């Protein structure tokens, strides 16, 4: 198969107000015949340069109504235009430009980059198969400074980790979910709702939080809340890349340290992941 | 000289509410004698490990009231404790954790990382010299999609750039300023005010913006506004790393493109910088 | 499942001569029951910290005879020690330290890091299934400045790429292959032989090279040569991340440019990949 | 001032044999008047795009005889062509392509990237001042597994580091030196000689090494050897970014560990630097 990455910016005006979407598009294609590999016969090969042109032309003609719709448009174009394409997958990722505000007033043409979780989506289709749409968020860094522990784990002669009932839970989240038949979805609205679910399940109620007995359980809580609140989601995958913090032992410096000063532990570096679907 | 980098997290509670600061501290030391270099005599050398301990002990004892105060505390400690230190500089940079909000309600112990410009500061002192404090913001990515051009520049036989009066202005800002004698400054409040000045000077009024004839002039506007609004700032340095966008030529694809689809240009990559002080 | 990354260095002496291996080990585990996710029951969970200890203890006891043998040792340990483990995969990657030479004389205890392709391997096992071993090389950057073209590709109204019969072929290679039943393999020797095959297939004969009609065909040549020369390889996957170079058009600077000055093209960025096995 | 980065590849043939240099050039310019900053008057500004064209034209016309000569050529061009330029600095860095060998036979047109230390240089000139040339090597990672210690350092109540007489010394080297009047220098030859001095001073004799009492002393040894062996070097700066390794304590795992298994310590991360010139 072949893969191409294209970055570009789509600018759009309504009166004097500007709207901007900067995206990175990655298109994977697999052809019906591997003759370009086996025989060096390029007659069915769609050059990277042509794929780039198609993506830019679609952006020019249709705009980017939502990341998901744009990914669907690209898939459809390749499937309907090129009979030699057996499979197409398009990945679209957004540069997180947000409108700038001055004293609460939105600016008509200025933007600031706020990377507090990156939105992405995928559309995928095999010839004669259904078009499947995924969406997700990545690079979302979250921390809770209490209401987290890790106890009752398996122990043997290689165990040196003490049990802890009040540690810091910190990590980088990757979430990706699939939609079922996605007729007339408001993708932007659903995505925002899911992001809120993720934050709520991670943090718990604002006034007291909710105890997490492990990274794994927190992963599951996120999945359960999204599945229960957002009916359009069929399957959800969550990966939590953990950052561990150790309370610094200050005894030989003559000081106590009641979880006040902690250092991030670079290694071992862990992650846990789970994929959960509806029955 | 020697340099050390330490990352840690300082947690602080007021009742059930948690406050978190995660910082990266870098301490530069120069000793009065270079004997450890020339003779391999280590008797005056303060090991990296000791420096780490000192920074953590200070964080434990004093907390991190502000980045600047913490940098000052470290400088003072080294100058008063070690007579072999001829010069000390401490750099402190913040991991941009922000309190999480659910439906507008702040969470008591959960945080999200929002890297829309990283705050840092420096405190620097030579023995018998004044303590100088710098503060700054880096990795601040801004874009304005109109009200920017570049015309009337110098031309010769190597010039191929056309003049443009409506281009995209996009870049990554680095700003660093020095304070004068900093008695009783509210460093957090001043920093926020300066950040607002930077955004305002970059973007112009929310309803119409302000025309920028060059990256250089925008750099100067930022400096002028900060110096005029914030009396504590003595000198301000601004570096703007430019990202250029080219309007895609779609003529041979049979389409016009009225600044709707643009691609970022990786090379040449430019930056402009200027340092401006008060008379 | 869970995943952990550990970095460490294993030092070994024969007389006064030192041998060093620095590796990054990543262990993936899947348990027979997902109860830690669903119920927050940690009783079967093997903490990251324990996994780290096991890896370090195995390195201490057995050393690292080869990356592959070390990966196999870890797999075996987890399968035989923990009945709750349903699946284990270990990935081992080497930091490319090479013995330093002075005027051709090898140094007994000094090393230099030479990252001209990174060696890695994987061992993988499901409970009651066979242990499968993979090996590979990544981040191997190669270039040939002639004997490469791209012609006869598919064309339509979105095609703007000209045909070229003398372009630069440059890319970053990732190769990964699987071994069959690996009794008494000399993994180090086989790996070196495969690396030589890759370079030979990419470059062709030293005095004239061999024409490549596409990145895809070069990928296939590498696979064919490895499979024909190295009987232990069962399946080989090759990914070639292309770097395109454009000849700079210097006409409006009054100069011709006969493929003398070229600039790398950042976007579109492409890659091609293929997996090939024996019949 | 303004700064620009350009990446390109210069290809050159002698008969059927190809020679390739890929470089990154960064040009800093300061103009005689800051009017583009203060007044938005661009009439003296040399656009990034023009600078790019000049660098490419020089590469086409002169080739890249050595990095240093190319940097000198660019400086000279700007000083003689543009009277508004008050200061110019050019930095040139090489992509470390090496000719591929098959069974010891050099390939006529294939290359492999071997980043075991990156070569760079700088040429710098103020109007009416001398042209100064610097050269250097960076990202050179070296390790010695014995003949290194750290003892007799300054101790107080914050000291927790034990004295060690047999530790691992590992780091990333940055070296930069200046040449005096550089008439007819063979820059390639001198650079190779200095690289050999660095390796020799770091490692000591191949059969026994040489004891290093500190990172600082090793820095000084490198400087002393280069200054004594290479008369063209006037001043040499060395920065050594240390990677510390801790012997893993395996007592509570029931094992001794005689410097056999070590883990890299991410923080504190230190570096030491020194600049040394001739009397």
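As written, the chains take the letters A, B, C and D, and residue 1 is the first residue of each chain.
Note that a residue touches a chain if its C-beta (ideal position, glycine included) is under 8 Å from a C-beta of that chain, and two chains touch if they have at least 3 such contacts.
Everything quoted here is computed from the prediction, not taken from an experiment.
Asker: Residue numbers at the chain A-chain B interface: does the shared fraction exceed half, giving same, or fall under half, giving different?
Answerer: Same residues, largely: of all residue numbers at this interface, over half are found in both copies.
Asker: Among the chains, which is located farthest from chain B on the basis of C-alpha centroids?
Answerer: The chain lying farthest from chain B is C.
Asker: Consider the two chain pairs C-D and B-C; indicate the one with the greater count of contacting C-beta pairs.
Answerer: Between the chain pairs B-C and C-D, C-D carries more contacts.
Asker: Taking the mean of the C-alpha atoms as each chain's centre, how many Å separate chain C from chain D?
Answerer: Once rounded, the distance between the two centres reads 28 Å.
Asker: Per the centroid of Cα atoms for each chain, what is the distance between chain B and chain C, given in Å?
Answerer: Their C-alpha centroids are separated by 38 Å.
Asker: Residue numbers in chain B touching 2 or more other chains?
Answerer: Residues 7, 53, 57, 158, 160, 253, 263-264, 267 of chain B each touch two or more of the other chains.
Asker: Can you tell me which positions in chain B touch chain A when the two form their complex?
Answerer: 7-12, 16, 18, 20, 22, 53, 56-57, 59-61, 97, 100-102, 105-116, 140-147, 168, 196, 199-200, 202-209, 245, 248, 250, 253, 255, 257, 259-264
Asker: What residues on chain D touch chain A, complex-wise?
Answerer: 157-158, 160, 252-254, 263-264, 266-267
Asker: Can you check the complex and tell me which residues of chain C touch chain A?
Answerer: Within the complex, chain C contacts chain A at residues 1-7, 34, 36-54, 57, 81-82, 84, 150-154, 156, 158-161, 213-214, 216-217, 219-220, 242, 244, 267-274.
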